[in-house]
Amino acid sequence: MREKLAAAPYLVWMALFIVAPLIFVFVYAFTDANGHFTFANIAALKAYLPTFLDSILLGAIAAVICLLIAYPFAYFISRTKPRTQRIIVLLVMLPMCMSFLLRTLAWVSLFEDTGIINNFLTSIGIGPFKLIRTRAAIVFGMVYNYLPYMILPLYTVLMKIDGRLLEASADLGANKATTFRKVILPLSVPGIISGITMVFVPAVSTFYISVKMGPADTAMIGDIIEKQFKNAYNPNLGAAMSLVLMVMIFVCMAIMNRFTDSDGEDIVL
Amino acid sequence: MKTFGKIYTVLVFVLLYTPILLLMLFSFNSTKNTVHFTGFTLKWYEELFNNGALLQLLLNTLIIAVIASVVATVLGTMAAVGIHKMKKRMQSVILTVTNVPMTNPDIVTGVSLALLFVFIGGMMKNNNVLGFWTLLTAHITFGLPYVILSVLPKIRQMDRNLMDAALDLGCTPLKAFFKVMLPEIMPGVFTGLTMVFTLSLDDFVISYFVYGSGFSTLPIEIYNYTKKPIPPTIYALFTMLFLVILALMIVMNIFQARDERKKANKLAALQG
Amino acid sequence: MANSEIVRLENIHKEFDGETVLDNINLSIRDKEFVTLLGPSGCGKTTTLRIIAGFETPTSGNVFFFDKIINDVPPHKREVNTVFQRYALFPHLNVFENIAFGLRLKKTPEKVIREKVFEMLKLINLNGFAKRNVNSLSGGQQQRVAIARALINSPRMLLLDEPLGALDLKLRKDMQVELKNIQQQMGVTFVYVTHDQEEALSMSDTVVVMDNGVIQQIGTPQDIYNEPQNAFVADFIGESNIIDGVMLDDYLVSIFGYKFKCLDSGFEQKEPVDVVIRPEDIDIVRADSGHLSGVVTNVTFKGVHYEIIVDVKGFKWMIQTTDFHATGDEIGIKLNPDDIHIMKKSEYSGKFGDYSSYSEEYDKLDDATILNDDSESEVID
């Protein structure tokens, strides 16, 4: 009985700093600067619709590319010796200990028109190419930054697949491709779902990567939200944008979760 | 297939580590140039130790990370103990809310907390409410779910009779927690602590919305360097931080491996 | 067993989320007694134990410890200790520290702790295991450490929750003897929970049979086996053939329309009853010289004896015999008055004791003779 009380401080904290802030987002989204109820903020979002759609598109592309890169990688490491696996997993997480802002800046300097890559390409007679300030550069920045978030959940599910299942599949007459399609892939769906969400959510809402790597005319949801709070100071409009972003991601996740039968057993790193 | 796997693995690592190696390399570059390596120097490292403002920022970042991770770990572990005792329905409601900061984009978490803090500041007639306390509160808030979600499974895995046994043998519930449950769930507690610590060290997005001019951290200042090229002292600082973390990881890995070998030996001795 | 009472449960009722798991439990446990709570899983035996230990509080009713109500006394303040299912040894402590756990909490001097722990290790035959990691012990060894860890606190009463459940059959038998020895040596009251009827019968002074949160019968092992109170007890304790009968008079019962003498009395005239006949009590004779006759439909070799199923007018009897009878043989069955035990009808009637998947209607025979009456003189209309 009394053990439940141990959760009391957290529940208070949760109410104050998780629930209350969300209520504030909601309230601000539906009020004007004087605190009167209004739909004007939501209506004003119509002008930003292309930005929203564009962000979703870029985020989705980044998530898919991450999946394509990470899946074979996660599969290879899941088949190595446990000791090797542990070292590789550590090596995957290690870059996240280095400031992601700095790492992004390093790519920027590599990709500059007079950066190391273009200098090299020029010296061998091809190029220079416009690598930075492109939409592709935004996607590259997302893929680079969030790739570990795709690898780790995929690795977790692939590692847990019992080797005997693969033997059973072979024993029942499946070749390697069929085994992959009929056994490995279905079993790794929870990892795919959780990886895609873990990449898509931060990618779609990023404002740093697009500022540093994207073309000047491309703004993402994160950028326009940031502007409402830091430059234009229109927190009501910013709250409306945040609210819509939140609802949008919630809907995306609900759709994704329909693909899995797992009853809320999230894959936690 | 096997060689393909190896090559592929190496390529992914090249992608992941290129910028880090580049940063390290240019922390030894004699000029501020980040394209040409013009000569080896340690002057940025020297400068780093004489740069009071930068060291202050590092200290700020570490203070926030240490306090946030300790507070989140204590609160979160207590919460996990309490949540575990609750009925299924209550548990799922609380865990759903707990998940919100993890599933919500960081920018929304940052914005929502900023709205709350500014509102509270307005009530207290304080226009400068953003600062150390808001930054700390935000870091504890986004850290708590990680602690709860790494401790709760450990509690669930525990043989529930263990706690009963401790009570039965004369422990008060509080003593039973420290003598029996805590040693059992320690790996989860430790995972939670390190996760919050590293997330807090590197957090930029949430901090960006809740920091004030009086107190800021390294990631925020790096972002604010936008216009000018980043001074190589920063590269030097992060190279050192990176090497410290790397060393810690290697040490931990060695200990873990030794532990596992011991266990394996014991098991072998039993079966043999 | 004239010892004084230690614990008394009075009208205990326990609900979990509105579901009744214990209903009107009344039980008295005396000093130095070996009491077993016996029943199938979900019958409430473990909950009863946990109420005595203090891990659960009764929804209504009282728990008395030496005539003091202890409903709200927390477990760590009760003078009882528990041996848990799957032992619940502390994995981060070695054997010595596990056993010393309770004494350390009482701030016992180190010297006394060492003495007592080594004494305990000797009692449980684990000399030299003090420094061992508990995870490296076998199931039987862990079991003994769990017992030592509880007993070292000199509890008035030791509660054991399916302590042998995880052990294999051979080890279980050895541990049964060892436990009984420890109980007698230490003179401690044992309350033992099990679903294994053989274990209950061989170890206990008193057996409490439970089902559906209700105590079905309390008695000595002999009572429980020989005089089961209803079809559930008869079926749960050993094998039984349970047949519908009608009590004609004191000491006279009618089965399949035949009359048999028995040793039971006190029923109303014409009262329908359940008749229990144990498979090992039935004598097999030649087909023409028995009270009833039937055809063998199944034979199973069990080592010490054969277990045969005999179809007597559609009712399948189980009979244990040392002689071999082949399937299809026609045999006769002889029932002596002391082989027949009469029970009142209960909610369990008709659910147990027929060894067939179907049974046919019996032809009522108007035979006026009492089949198992050797004098063949008393005939009642």
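Chains here go by letter, A, B and C, matching the order in which they are written, and residues are numbered from 1 within each.
We adopt the following convention: a contact is a pair of C-beta atoms (placed from the backbone, for glycine too) under 8 Å apart; a residue touches a chain by one contact, two chains touch by 3 or more.
None of the values given here were measured: they were computed from a predicted structure.
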Counting hops between chains that touch, how far apart are chain A and chain C? 2
Maximum number of contact pairs occurs between chains A-B
If I average the Cα coordinates per chain and compare with the overall Cα mean, which chain comes out closest? B
Most distant chain from chain B, judged by the mean position of its C-alpha atoms: C
Distance between the centres, which are taken as Cα means, of chain C and chain A, whole angstrom: 60
Expressed in whole Å, how far the mean CA point of chain B lies from that of chain C is 56
For chain A versus chain B, what separation do you get between their C-alpha means, in angstrom? 18
Residues of chain B that touch two or more other chains sit at 173
In the complex, the residues of chain B that touch chain C are 159, 161-162, 164-173, 175, 179-180, 183-184, 266, 269-270
Using the touch definition up top, name the residues of chain A that touch chain B in the complex. 1-11, 13-14, 17-22, 24-25, 28, 69, 72-73, 76-77, 79, 83, 86-88, 90-92, 94-107, 109-110, 112, 114-116, 119, 144, 147-148, 197, 201-202, 204-205, 207-208, 222, 225-226, 229, 235, 238-239, 242, 245-246, 249, 253, 264, 266, 268-269
Quick one: which bits of chain C touch chain B in the complex? Just the residue numbers, please. 50, 53-55, 74-76, 80-82, 84-86, 88-92, 101-102, 105-106, 133, 136, 149-150, 153
Chain B to chain A touching residues, read off their complex: 5-6, 8-9, 12-13, 15-20, 22-23, 34-35, 75-76, 78-86, 92, 94, 97-101, 103-109, 111-116, 118-119, 137-138, 140-141, 144, 148-150, 153, 173, 195, 198, 201-202, 204-205, 208-209, 218-219, 222-223, 230, 234-235, 238, 241-242, 245-246, 249, 253, 256-257
